[in-house]
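Here the chain labels run A, B and C in written order, and each chain numbers its own residues starting at 1.
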Amino acid sequence: MSSSMKKLHSLYTDKSGKGKLLAAPYVFWSAFFIIIPLCMILYYGVTDKTGAFTLQNITAIASIGHARAFWRSLLLSVVSTVICFLLAYPLAMILSGMKEKKHNFIILIFILPMWMNFLLRTLAWQTLLEKTGVINGILSFFKLPSLRIINTPYAIVLGMVYNFLPFMVLPLYNALSKIDENVINAAKDLGANKIQTFFRVIMPLSIPGIISGVTMVFVPALTTFVISTLLGGSKVLLIGNVIEQEFTQASNWHLGSGLSIVLMIFIILNMIVSALLDKED
Amino acid sequence: MQTVKKIYVSLIFLFLYAPIGTLIVLSFNASKTRSKWGGFTMQWYASLLQDEVILDALTTTLLIAFLSALIASVIGTIAAVAMNGMKRRTRTLLIGVTNIPMLNADIVTGISLMLLFISIGLRFGFGTILLSHITFNIPYVILCIMPRMKQLNPSVYEAALDLGASHITAFFKVMLPDLMPGILSGFLMAFTMSLDDFIITHFTKGAGIDTLSTKIYTEVKKGIKPEMYALSTIIFVTVLILLFLVNKTPDKKEKTN
Amino acid sequence: MKKLLPVCLGAALCLLGGCGSDTSNENIVIVYNWGEYVDPDTLAMFEEETGIEVVYDEFETNETMYPKIENGAAEYDVVCPSDYMISKMIQNDLLLELDFSHIPNAKSNIGSQYWDQSRTFDPENKYSVPYCWGTVGILYNKTMVDEPLTSWAQLWDEKYTDEILMQDSVRDAFMVAEKMYGYSMNTTDPDELQRAMNALIAQKPIVQAYVVDQVRDKMIGGEAAIGVIYSGEAIYTQYENADLEYVIPSEGTNVWIDSWVILKDAPHKENAEKFIDFMCREDIALKNFEYITYSTPNEAAKALIEDDEIRNSPIAFPDLTQYDNLESYTYLGEEADEVYNELWKEIKSY
């Protein structure tokens, strides 16, 4: 152990290229558990049951049922992402304006709900929203009209916003609290009003936070199958449900993989955009 | 303005914590069905201790979360140290690969790992879940360590060497302590992510092994056992208390950083 | 170094996954059953009496069970699929021919009519031992509807908008529409399927949700007025909520059997036989019946039921000769399966 550590260390300080060896465990790990599995999805996606090459599994996204599910997923995830952003940005600004001391506490408060199981939390919304649920109980007590959103796309958006909001708040909060007070003061000194300061200074400086926040909400929202099952009563079919069913029920791995590839295109697009923005810095 | 801010923050917290409150209330509900209130009871807490199925799932969940976070922390730390010494282009490439499990849809990650395990003939069980969790945990660890790594002052490390310390001593005495806050938060993040994961476990689990998540998913269909609410309440309250304790004790270390 | 690492990694993998050491030497039996389909006490009793440990796993529908068996990722010994799925498994050579001399309780306790009924999917009674049977019908809340329900067609009545729970499994959902039109539930006629699909699409706006087992909780809690449900659940739900009524619709319905089978690749075949034999013992079958309330084909167990009302209950043990147009699902072949799946996806995507 100690001799190998020594070796690793001399390698680390040696920048002439041998430092790669220190990275070896991780490189192998990611090759084996990230790259190869993705290649397998690619392979399944472009072959049919006999093993012959085909693009049918990918073009299947255009078939009426899939296209409808995909379009609905896109719509719901965009709506959820926008709502998350609109809710989270003011919140992150308020939080980042708070005292330095509370940093960790704030982060933990947002992570804390995750210690209550994700499925149970979503299921709790079912209890709250049901026809005979808690919210309707309260509403009818005050003689107010009842709320009927369970098993509709609205409930799914609510579930998405609820589950993914912390993923938007935390990166925004991180980015905003890193902005140097002096930059903002300088802008003000130079005669910018509050709105100008916000759009010309604060907003551009928080772009990295916005990108990671949007990614971390949009991707899981686009691909979820659990939230739509629990809050949509299986009435609202999303592309995540289609893929899940191809693997676990219809056992058509080729079609499931093909549709997954379509999803991955979005993720790759996202990576390219972030890489481009990264270079601009 | 201050009150507006306070109201806004409170509303968001109400939104985040309302379902949790609901679950806590349900854990004291004497009626077995979710939709009826049957009076206050502690019986689910008592029967929880007898429920081997749930306790088994809890043990598996905690074990997987702990082991995967630990292994991911070790691999992630080494990887972060190594990446720091790399050429810019290789590093960007490796970071790109690292980000894949984080950016990729859970369902795609889960399915791709399932395909891998099937093709190499691995029997689905504890091992496959652990491997998958390590895989999606490593990026979070690296993400937490990298910023710390950039802040490191290389001359301190070199000074230690000049003063006669070996590389190992220098690493453990100088570099590691500086990285420790990053590693710790990486570990915690990984632990939490592992604990909360359902989708990837769903695709990589085998017969007779369940984490709390997969157990709950099967129970959703038949009606959740109230013991599950009791258990979640206990976990939540424990973490809450720990949190307050940590925050009450003045943390001097933070300031020196 | 570079060559060593993959080797190390591979070794670690094997250690983790246990790919080298299979479980066939352990004294266990791996059971794959429907959710809440056995009294956990009987499993404990089995472990105590035989010293064989039960590794127990649950599935939700026949359709989710099948791929797990087919791809062989998880090892199982004993499974409890339904009729048409058993026939699919027989055709795909996944099942083991049973040695009934090791399962004496099966032949002595299970009623002969159930063996006859099993011939529709297991022609020579070679592969399966009946465990539960029943019908699919409508469960409704008498306080929430103003007329007795007697027909599938009433599930299309708009006055029940947002009050109907349909089954979230392809065959059960199509069965409702097919029976309403008087077709066979095993039809593969494209026109009939198209019509059934259109009917289900037309019905979707008034359906509250597509559910599997949640129908039980939702009906008990009064969340919905009408639900399509398996007869076994009806008895339990009536215990919990006396307002509920179960009917077999006049157009006919599905009669199903769930049976124990042993997989061809089962690593613990002897233990699997012991397990099935144990489940067929009258006292165990009775315990299970009392716990899960699904009709038992075990005549010896039925004779032990003390409560006359239950023993003669038309829900638990209906006289099937009274009903017309009863049918069982048969396996339709891979192609027809795919057609059904596609149509079902199209319905769900609306």
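One rule holds for everything that comes next: contacts are C-beta pairs under 8 Å (C-beta built on N, C-alpha and C of every residue); 3 or more make two chains touch, one makes a residue touch a chain.
These figures come from a predicted structure and were not determined experimentally.
Highest inter-chain contact count (C-beta pairs) belongs to A-B.
Averaging C-alpha coordinates per chain and comparing to chain B, the farthest chain turns out to be C. Taking each chain's centre as the average of its CA atoms, chain A and chain B sit 16 Å apart. For the pair chain A and chain C, the distance between C-alpha centroids works out to 37 Å. Of all residues in chain A, those that touch two or more other chains are 25, 29, 32, 130, 132, 247.
Of all residues in chain B, those that touch two or more other chains are 34-35, 114, 131, 220. In chain C, the positions touching at least two other chains are 71, 221-223.
Partner chain B is touched in their complex by these residues of chain C: 13, 15-19, 22-23, 30, 32, 35-36, 40, 55-58, 60, 71-76, 212-214, 216-217, 220-223, 240.
Partner chain C is touched in their complex by these residues of chain B: 33-36, 53, 114, 117-118, 120-128, 130-131, 206-208, 218, 220-223. Chain A makes touch with chain C in their complex at residues 21, 24-25, 28-29, 32, 64-66, 68-69, 72, 130-132, 148, 151, 233-235, 237, 241-242, 245, 247-252.
Residues of chain B that touch chain A in their complex: 5, 8-9, 12-13, 15-20, 22-23, 26, 34-35, 75-76, 78-79, 81-83, 85-87, 90, 92, 94, 96-101, 103-109, 111-116, 119, 131-132, 134-135, 138, 166-168, 170-171, 189, 192, 195-196, 198-199, 203, 212-213, 216-217, 220, 224, 228-229, 232, 235-236, 239-240, 243, 247, 254.
On the side of chain A, the complex with chain B involves touching residues 2, 5-6, 8-10, 12-13, 15, 17, 19-20, 22-23, 25-27, 29-30, 32-38, 40-41, 44, 87, 90-91, 94-95, 104-105, 108-128, 130, 132-134, 162, 165-166, 215, 219-220, 222-223, 225-226, 230, 240, 243-244, 247, 253, 256-257, 260, 263-264, 267, 270-271, 275.
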